[in-house]
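Order of writing sets the labels: A, B and C. Residues in every chain begin at 1.
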Amino acid sequence: MTDQKLHAKPAQRPKLRSRFDIFAILPFVVFFICYLFVPRFVQDKALNSLIYIGINVLLALGLNLLMGYAGQISLGHAAFFGLGAYTSAIVTLRPIEAEIIPSFSVGIGVMAGVAALMSLTRASGWKLAVGVALLFVFPWISRAAYVGLPGTIIICAAGMALFGLALKVGWWRSMLAGLINSASLIICGRFLNGALARSYDGVGTSPWIGMLAGVLLTGLIAYLIGAQVLRLKGNYLAMGTLAFGVIVEIMFSKWVAVTGGSSDGIYGIPTISFIDGLPGPIRRFFELCHGGAVDPQRQYFYLVWLFVFVALIFAVNIVRSRVGRAFRAVHGSEQAAESLGVDTGRYKVQVFVLSAALASIAGSLHAHNAGVGYISPGEFNFLVSVQLVVIVVIGGLASVWGALLGATAIQLIKNWILMLDKADIQIYGLAIKGLDPIVFGGILVVVMMLMPQGLTRGLTDALASVIRRSRSSAYQQEAS
Amino acid sequence: MATLIESIGVTKSFGGLTAVSRVDMIVSRGQTKALIGPNGAGKSTLLNLLTGMMPMSSGDIRINGCSIVGRSCYEVAELGVARTFQNVQLFQNMSVIENVMVGCHSWTKTGLFSGALRLLGHWREERDIYAEAVERLEQVGLMQEADADASGLPFGKQRMLEIARALASRPNLLLLDEPASGLSTRETAELADLLRAIVADGMTVLLVDHDMQFVMDISDEVVVLDQGVKIAEGTPNDIQNDPRVIAAYLGIEAG
Amino acid sequence: MEQFNQLLVTGISNGCIYAIVAIGFSIIYAGTQVINFAQGEFVMIGAMVAAALLAKVSLLVAFPVAILAGCLVGAILGLCVLVPLKRAAVVSLVIMTVGASILIRGLAQLFWGEEGKNVPYFTGVSVNEDHTFHIAGAIVGAQQIWVVGITILLVIATHCFFKYTLTGRAMRACALNPTGARLVGINVHKMIILSFVMAAGLGSIAGVTVAAGIYARCTMGAALGLKGFCAAVLGGLGSYGGGIVAGILLGVVEALIVLVIPSMSDYRDAVAFVILLLVLLLKPEGILSRKKAVA
């Protein structure tokens, strides 16, 4: 070893941030205290904005993990938001019509089967296409042949096993896919039948189950779409996710039987009485903090921001964990990440599903919002996807707390625009209305032009460079 | 010495062009082997084949007796192969130490949920990862820059960081693609020292480089490729005096 | 059979518009490797400016002014893209053009309002006058012939521009090798701006032409842009010929799908996107292109 090396040895090692590091936990403590006491001191109108901010924070956190950390763009994130909202609303509310059950459960069954087929077997290309087609055909045959449940399972499993043998993609794995296909079909049918009976009794399903169903369905769809779409990069990925978003949006507005279409939407969605449902001591704790009984809107605030709180903790933890580093490595250099043993494909899908699931929860919360109880396709269109990107860009790509900042900024801007709309201002005969796209578009263009890293990051970087410059000039003065 | 990598008739062709043609090569455990040859000889392609970054057209590569045919790059990495790149590929969006911590990926296993919930196992593993990263950074002399942005490092240090990152994956075999290119004489000497120290600890190194002095200095054996074909193999001394090698480098037809 | 012919005619005339938009995508992509998400808005600008002007002046004035307006917007966008082009990641540029797209749409909505504008046919006195031909049992509107004719004209003009003029060749050189182009003294920045102006010009010509067939709306750009992109990808990004064929093919498929699956009529708009997704996933280098994509 040369002398150089010995000199390089540092006196102290930087410490690994301990689990009980006060500075890491402090923001969360402050956050939680604010969480407990804010509803007590805030007016209804501001509280409503805060609820929307919370929902947007959830969305932005997910999208930021995907875009800022893993570097995968999504221009169709509103689709997952909408899928969560619609699934939750429909499961909770809609008396399920008997005719929907078979087709719906076949759909779920096929999706589960396809997921199994893709993850278990090595089928790809036309073989995969044949397999998917067969997953449609077998349940249909068994339904047409009135073979009953055991028959359905046998036909699906045996048929898929034959398919696996014939096309050499692994027969028992294919059979497993067939089994999963038929089993989930039956379970889904049973579940829907049960729900049907309940909704006829006028009970309805619990919103919590709606939320769970939303997360599961959205996660499944995100997995199916993501496994394919995420092989694309850059421009192509952007267009692919955009196309997916538009397809889902069209489905929301045109599949009237299920979604109520674009004119009606779904209304009368019940809210979640969060505090009332809590066990006694915890409920009393909340009531103590709030100083009395909590009204529905404030209960909803507590619910939404509880999710935000948990999601923030999760996001901060994930980012600093092994998986989080893998996400960022995928962003930095996929090639290098692969060479270090990071299964980039898997992690990309994982982060995609994670952010879709977060969006789905946000969607459910949006649907059950106290005092609104109404959703329509317009709330999940392309502009919403763009707006989410704006939040992430304002908050800074790759910054967890930035999501809070971005969501708040966007809500303030939206409130301001709404105020302008109501004020009915005219400049040279031009009614100043509907400024959202102009403002959001303008922000995106300007920020991306000047600071491609995002606003927060760009500003802190600029600040840092100013400080560095002033320091170095001070140093030069000293030296001279 | 036990065999670590065995390549048997490895061939790679791109359309009509055969970049690597029926190369047989054995790298033994604890050896430092160099792969040299004029530009376009297929050295980097061979490295890419060895790491599973591209599939072979024909032939077989066995690492520890385990064939890598049909395995993707990350699976080969799990067999204990780590590499650096000709054009340094750091994770520019991460700090120096985080770069090295990613290197620990293949021997750790915390998943998304235990990471998100900070379960106990995750905690223990994170400590191991951190200790490993610190050790590797000290080994290459980058501990002072641990918290700096990787993108801000000078080029020589970026190369060192890439080696540290590769070492953090606790590989059996370290593949270095032109590690000395772009380094100053002093940095090259440091690199040679580092490699000797690593090999003394029992690592096997296979490297590609153009700096003959560096190559001859540190390697036990040298393989010469020309136009995708292996034309010579032997100790540095033999290679330096081999007429075919001299011909290949000077561009004269051999024989 | 008559219905088939009728749908075919509709499909071809729609497809021509997609083809022009696709050419615009390809021109900009070739020069900058950026997919201009605002491409559809050029069409909208052309249509809306023409619609606004036609209320007062004749088509002969409105047409060129609309094209100029489109070119101007294109030039501004080109300038904006140039600023971060070298240092920004693809993701940032994508976000930027998306932002530009909704910014342009928002401004248009502010000036011209939400509701559609009636645009008279090129030939014929008013919208209501029945200017049609009957070909093989299908009713062909005069405007549809205009659309097809103008498309053919534009395709030929673009082709000649790139093949025979010095500027066109310089642009192709920039697309193939920017550094090399700079070395031989081509102003690459100017060429990039020019590619934006050209794409915008083509888009707005398409806009004016199509506006006469349908209502001109501020929101029309998004769908047209996406479908044009679909055509561009289908034909292989950067390949002009492929884009044209794919555009017309897409228009026809979209029209005929109703015939094959009648229940799909509600979801007609989704067809293009489903095709887009499938193409992106199965063959991102494009169906009609033999090149390997750098996806």
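The definition used in the following text is that contacts are C-beta pairs under 8 Å (C-beta built on N, C-alpha and C of every residue); 3 or more make two chains touch, one makes a residue touch a chain.
What you see is a predicted model; the values in this text were computed from it and never measured.
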| item | value |
| --- | --- |
| Chain occupying the middle, per Cα centroid | A |
| Greatest separation from chain B - chain, by CA centre | C |
| Computed distance of Cα centres, chain B from chain A, in Å | 39 |
| Whole-Å separation of chain centres (CA-atom averages), chain A against chain C | 33 |
| Inter-chain centre distance, chain B versus chain C - centres from mean C-alpha coordinates, in Å | 49 |
| In chain A, residues with contacts to at least two other chains | 71 |
| Chain A partner contacts - residues on chain C that touch it in the complex | 33-35, 37, 80, 83-84, 87-96, 98-107, 109-111, 114, 222, 226, 229-230, 233, 266-267, 269-270, 273-274, 276-277, 280-281, 284, 295 |
| Contact footprint of chain B on chain A as seen in their complex | 1-2, 4-5, 8-10, 13-14, 16, 19, 71, 314, 317-318, 321-326, 328-329, 331-333, 335-344, 350, 354, 398 |
| Sites on chain B touched by chain A in the complex | 51, 53, 72-74, 77-78, 82-83, 85, 89-94, 97-98, 101-106, 108, 110-112, 115-118, 122-123, 125-127, 129-130, 134, 138, 141-144, 146-147, 165-166, 169, 186, 189-190, 193, 197 |
| Contact footprint of chain C on chain A as seen in their complex | 67, 71, 73, 75, 228-229, 231-236, 238-240, 242-244, 246-247, 250-251, 254, 382-383, 386, 389-390, 393, 430, 432-445, 448-450, 452 |
